[in-house]
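Two complexes come next, and they have one chain in common, chain A, joined by chain B in the first and chain C in the second.
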Partner chain A sequence: MQMERRDFMKLAAMTAATGLAGSMASRGSTALASTQPPLPDRPDIPGVTWEKAPCRFCGTGCHVQVGVQDDKVVAIAGDRQADVNKGLLCVKGYHVGMILYGQDRLTKPMARRDGELVEIEWDEAIDIAAKRIMQSGDKFGFYISGQSTVPEGYAAQKLMKGGLSNNHIEANARLCMASAVTGFLSTYGVDEPASCYDDLDHCDTLILWGNNPAEMHPILFSRVMDRQARGEKITVIDIGSRHTRTTERADHFLPMQPHGDLAIANCIAQQLIEQDAYDHDFVEKHCNFRADRDPSAKFDAPIDHDTYVAYVKEEGASGLFGQAISFEQYKKLVSYYTPEKTEELSGVPASQLRMLASTFADKSKKIVSLWCMGMNQHTAGTAINNLVHNVHLMSGHWGKPGDGPQSLTGQPAACGTVREVGTLAHALPGGRIVKKEAHREHAEGFWNVPKGRINPKPGYHTVKMFEMLCTPTDQGGDIDTIWVQVTNPGQTLPNTKKLFKAKAKLKDKFLIVSEIYPTATTALADLVLPAAMWVEKNGIYGNSERRTQQWFKMVTPPGEARDDCWQTLAVARRLYELGHPGLKDKDGEYLFRINDDAGNEVPYWEWEHYYDINVDKALFDEYRQFTFLKHKNVAPYDELVKHRGMRWPVIETKDGQFKETRWRFVEGADIYVEKGSGIQFYHSVTKDNKAQMWFRPHQWPAEMPDDTLSLNLVTGRVLEHWHSGTMTMRVPQLRRAMPSAYVEMNPEDARDRGISNGDIVRVTTRRGELKLPAWINGRAKPLRGQVFVPFFDENAPINDLTLDAIDPFSKQPDYKKCAVEVSRLDQPHAYSPEDDK
Partner chain B sequence: MSQPGEQNPGTGTASHGWVAHVVLGVVGGIALTGMLLGFYDSVTPSGQPDYTTHQNAGNTVNQTVPLAVTYSNMKDAGFGPNASWETAWPTTQDDSTSFYGSTPTDTLSREATLAQRAQRRAFNGAPPVVPHAIDQQNASSCLVCHGDGLKVGVVVAPKMSHETYANCTQCHVESINRALPPTTGPRAAATLFQGLSTPGPGERAWPGAPPIIPHTTWMRENCTSCHGTLADQGLMTSHPWRGNCLQCHGLSADLDQRQPFSTDRPPVMIPQESRE
Partner chain C sequence: MLSRRELLFGRLRAGVSRAVPSTPPPPPPDDSPKVAVIQGRHCLAYRELMCSTCYERCPEEGAIVIERGIPQVVADLCTGCSDCHDVCPAPTNAILMLAPRPTINRGKP
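Presenting the complex of A and B:
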């Protein structure tokens, strides 16, 4: 640490001195030349060019200006022309250029030989990957990322489903966004938020559902709070289990116990009905009611809550889209959630619940609800997403500027690459699914492959895919090879000992990893492919508000690092050369053929020719054809070049302009809404232009604290670090501000255990234990019974301890709930595996 | 705190005035005695602090939160972010008075100032890190000192160079986290990043002409933050009494970061809002 600080200061001093020498020289010459002034030196650094790019980190989608000098990024500034951030950034964004320059960038392909990774040439690396994929067949899985660019995702998707007839393609967005997707699908019939960030400029009430935007989406939070600082009246209601920097700015804090959100949202509905304060007109015109099972199949009259829960337990849920129920039945079910009952279930005082309900009852208010991982990483994630849409629909706080629900994403292309390109085991591009024959035919048509090429059976979802990798082949583990791109599952999967680290012992399993730095994932890799990142390559992202953003390559990647997209396409070409039949289309042409303007095929799979044409543009404009079916029309590549992102559907008007859409399903703002209908949910599940309001009962978390492990473990991010910290931990400013993981406890829980600030303590769950320093009254303060540990620290892999329980519909794991105990090192262990026997 | 014998003119009627005096005197006396006893109690005969350090099986990380000190030792305690500040009263007063008396910049002080600036930011234009401890949970306390700027002794809390944003810690993080152990392992390696350096002086049309501004002015709209009377001498203007900086000092066209993509925003479908 000392060494590092000295080095930094030396560097800083040298940097300052360089600037100083320049300034002294020019000052001197100006002063001397009293008669004939020489042409003055140009100010600042004349060799710096500035270009636009979206930030590399979260799903907010800020634009930065990247300052480049001598083929290196030297500075970053907020982009004043960007609608999202209007010139401001957060501390990660300001330092995003530095993530390229860690000392240990991977610069050479490596293969594992006798247990050691040894450097090899690219040609050999591509050969190893292609032969392994060829040999694995349907035991091969491709695991990409919500940080993969749209063309990267599209190339991987087309290779897997259109070429290899293999649906085992997943992306890490399964771990962060899947429940939001199932929520949107089951409520509106189509994915992605209908609202946009403009709402943050108009709302007067901000409701945060288990969300800490002051640290996780700072730009969006300050977009609202800066209005407050300028004198506007904005009420912030924070529903959460932790007193955070966001809570500090809130007018009301509703202290919620885990899964209390389910009861709270139902309680709002109960109050709106009881007080007859719901929006009758909106509900009648635009809403249907739905539940896992329609009790009228068995019961003559509407049944009560407990009977219904028992009935569904017996019959099972009827899939993601459930069954229609009557409004009368809905009223009867939701009447269970009185403020008093909800206080019992959620821990939030009944008086605060009444206040929250009366906020929604007030038609004059403009309410924005924000949520992200708190609601999505939830074993009832689909349910709570439905319920928050419910309260907005029911109260009519929907579809007006400043008035509506807004789901946030955690990754820069979770929407663009994963949700829109459909890089998930069940999906095809543009909101299609492999199960539907018509959808498969569309894709087979666009890709010009023979009918029947696409496999109708969904592949394995993320947790299942890694479980199969880590299960011995003779015990049914039928995934033997995974290619990981742009993500770090070795640190971010739940229960990593079971779902990732168990691979170490299985010698017949093979892991290919495209990475920029050594990680917990490359530690177990058999083949490591050094990747170019961010402005070292062309790219396209898509943010939380349907905004598609393009950037150009600005600097050369280090050593032999190469674009992820090139890696995929080079392997595809090698498979073609090896004679894989799937790499030919139905006319016998190469599946990924790209022609130049003269109609000649470009050999872009050779790295030296990769930038002879713009591969991103070719792939993106091909992908664009898929986007019209579900009215997710993305703009052509050349339009995206001109702007700092465009929000789809982007409509081409008669005069040749491309216009973006801010509010979906709203007449006037969305061209697909029929005149006179006001609001029209034109992808409705029930084909009647109505949204579905769901009854979803409260349920308890998959693992609850007990006598042995008496606390609940919540994991998450901190302001300074992004995800597993591979990038941000290599930025000195961010690393020094937040150098290592910690365990955050309520002061009273700490006192009960004799734990002081700074003590190294033992954190134990049923999956293992970890030693961490306690930080009490530090960054945040959890409620009693709650414990928080961030997951950025490679040296403190908290996901070794988390639970791999998943939502039944979205298959997304819950990283916010499992039983844990925290104890002093001189106390006995809270738990031993023997306890389970 | 109650003051002994203090008279409250609103208490009691004329005939009962003497009762109020006696009662207030007694109450005040008791309060004063109690306060002095309170002070006295915390000082042990040996003059040593009367607390014992919390022993915890040797697993306490060093360099964590300082231990509390007694009242008697507080004067010399030296804890917290202000530990290095001069605490003698005459020097703690704001001395930002050199409005007409400032000295022109000299090379040495400029060098020192620029070196210090470079230490606190990743590149020229990056938000500076915070060189002192911060309240992890409360951003708004920053404005107490950095709202108008403050100079106490030799320590300067610069006025913000930009308009007030609500969430200070969104951009400005601690230069070092004093509560947590440092990073270990490969991630602790130094970076190879070399940031944009400090700009030279601004271009002048001829000797004696006012220089143009050699840096971007985005997030640096308030010139007095770095060049005003509270500034370090190396960057301080020679003429702080002139308030309208941009009247003479032009912006540099070379530093217009809107280039080369200065296109308009994309057109949007007409929102419902504008039809109302």
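Presenting the complex of A and C:
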């Protein structure tokens, strides 16, 4: 205990300033807060200067005011001018400044020599990286992040696809929102939500699909709870397999078994059709029907559910975009999902399913559906994303303020960097893909590289890339080098023993890691590059509601830590000097040439000159040209400087102003919608301005509980920590509040196994086992048969145990479903690999 | 079996994180009786921010209760251990450890 108290005193300076800011942070609308006097925009602390930045943590995209004194972040305040959070921050956000000041920041490049990491100079480090990349050729992979800034992502993308003709570039967002992307693409023909957070201020019904925003997106949830506290009636319906902090505030809890969501969404459609309560006008004007296969190719009349499932099993799915089917066929297929049948498949009582369907049937309601990892980390992730769009389209609860589906992201630039810049193996910036010749030509044009420079074959997706790294070269492992930036795959990939830790034995494989602190990833790195983070560098993020957010460097990074973007560009320059032909454009100029106002080339690849010019601005304004094709127009850099983020498409008006878009595809809100059409899905897959309503059958998870391993393992985040805890575990307040991982069990499952609260137990899956304390009736209570383990704790690497099964379209792994057993330490081991032989 | 108090603290003592700053000497122990008081103006839960750390980590069953997300100390059950104060993650610590109010003698012997 005393140790904690001492930490607290040591850090009192930062805390006091933060606290002062914090005490004024309420949006001033709850009964409790409104008794306080009105407060100024930011605290007036002598000697402290303030600047805006988006919070470093989640995809909500709150803005903070960063207080700086003597080249150090000394205070954080919620930004009252920010639309997203209106001055409020969550428990992580208030402490975001402290993530810079953990004691073990990496401050010097290191190379592995005889098994040990030894300090080297930057020049040598860049040289090692460049030569290794040169030698690896197409065996090199670049793995970046939904926390990489937009310019970092763009530089990496251009280097790989435009310079090295290598499509093995991926980002950790593959593990996080890839299924949301394939869902949006196959339903609307273009990625990213049409709605925005304003809907939370207008809805009267909030439906949570396997989502726990009270812990994961607290600012957004508080936006709704705050309205409730003021006396507004908002019905919260929570569909999930775990009774959470969110459930405590819900009016209805629908206890769902894993993959029950697929049946539930189909059941809503079945009920809307059966009761003739669907929105005929909306469906007729704006929707087509689609499925993996069109049975009319083989059958004369519409076929029933089981015949269809057998037919698709035999023929295989016809790609992400499937085939058109008739409404009659769709109707026949969903008719299988009666409330009674769905109760059987999902565990949710038929009466509750009827209640849910009647909610959608009620045209007077304003319904927002929220989802995040529950639907995305799912081996039928694309399918469930399609199905939730379906129920909103079918019921006409779409495209009105407070009425529509809203997908949430977990990372601050999963949208801005990964989805929009396209830092994935198959993508090019601005919604383009490498497979399409026209798209490659656009990119080759913007980059001024010769035709044919961009490789038309998609690279490896994340799971495959790491599998190839961990497969011996003589057994076909054709990735031999990966450069990891701004993420910690050693802790966050699924089945990490297979997909990451196996690299330790393979001496010819090479791992380059740009990091801020030692992690499970740097533990296996051959070259470690110390990175600047957050307000130690310029940056741009893009949040879940299409909001692009810019900030400036405010403090000097520690030691020799340098910007990730500089690292990429310095390696690019070294490759150019080494004579790599890809680093020249078609006129023989350097691919990443940046000129100053006088037209002279700036040698920004030398660190001392990096900030002679704003490299972020140069890269971002170049990237901006890519964004118009799919109507994802981002604002110019200088415009972003003036705002707390702007939601694209950002439209330049006649008088030179820039105007953001709140609702896409909706007349009056989105300028690209033709007059008189009301709603127009102008990137429709079927080129007729219509969205696709998909039939997607229920299917079981990839690994189900059985006699040996009789429970299901769910992993996820907790309120206090963000992802692998690299940052938040170094904030004493957050670490004290949530110091270590645990296994959360249903009390009856615990009792059956003789487990009491606090017992250290053994958690076993087919991939391995882990000892954890059991937490029963704590913060959340899983349904019977479910257990939950958070993944933030590097000392309890739960991803050693998770399954690496992926969605067939999005290639996103499922971290929420695998067979597990929990047993007392004095009991025999539940499973050994021999059992399967 | 671990006690409720040890449940989450136990592993921390093993010295997991490397972010612990070097530490000045501890303040002298204060053994006078105390009771926890939650200051609403500093408490994150009062702003609908879903914090429940004090409630979760209180070692005395029932000494901190939560109603509609708002934690309250039941003074009669509070032992003054100050665990809640030590773990409070609010930017300004929301929990004061005060001397208990003197018991009012209502004319009974």
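The rule is short, and it goes like this: the second predicted complex is superposed on the first by the 793 of 837 C-alpha atoms of A that agree within 3 Å, B and C clash if a C-alpha of one lies under 4 Å from a C-alpha of the other, contacts with A are read in each partner's own complex, and residues count from 1 in each chain.
Please note the rule applied: a residue touches a chain if its C-beta (ideal position, glycine included) is under 8 Å from a C-beta of that chain, and two chains touch if they have at least 3 such contacts.
What you are looking at is a predicted structure, and each value in this text was computed from that prediction instead of being measured.
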item: Touched partner set for A:Ala324, first chain B, second chain C, both or neither; value: neither
item: Chain A residues touched by each partner, larger count belonging to chain B or chain C; value: B
item: Touching partner for A:Leu506 - first (chain B), second (chain C), both, neither; value: neither
item: Chain B versus chain C as contact partner of A:Lys72, first or second or both or neither; value: first
item: First, second, both or neither for A:Gly87, with chain B first and chain C second; value: first
item: First (chain B), second (chain C), both or neither touched by A:Met355; value: neither
item: Interface residues of chain A shared between complexes with chain B and chain C; value: 1, 4, 7-9, 11, 15-16, 18-20, 22-23, 26, 30, 33, 76, 88, 90-91, 94-95, 102-104, 214, 218-219, 221-222, 225-226, 229, 245, 248-249, 518, 719-720, 729-740, 742, 756-760, 773, 775, 778-779, 794-795
item: Contact footprint of chain A on chain B as seen in their complex; value: 54, 56-57, 59-61, 64-65, 107, 110-111, 114-115, 117-119, 122-127, 129, 136-139, 164-167, 169-177, 179-204, 206-207, 212, 214-216, 218-219, 252, 254-255, 257-263, 265-273, 275
item: Residues of chain C that touch chain A when the two form their complex; value: 1-4, 6-12, 16-27, 40-42, 44, 46-53, 56-57, 69, 82-83, 86-93
item: Of chain A, residues touching chain C in the complex; value: 1-11, 15-16, 18-23, 25-26, 30, 32-33, 36, 76, 88, 90-91, 94-95, 102-104, 214-215, 218-219, 221-222, 225-226, 229, 245, 248-249, 517-518, 719-720, 729-740, 742, 756-760, 773, 775, 778-779, 793-795
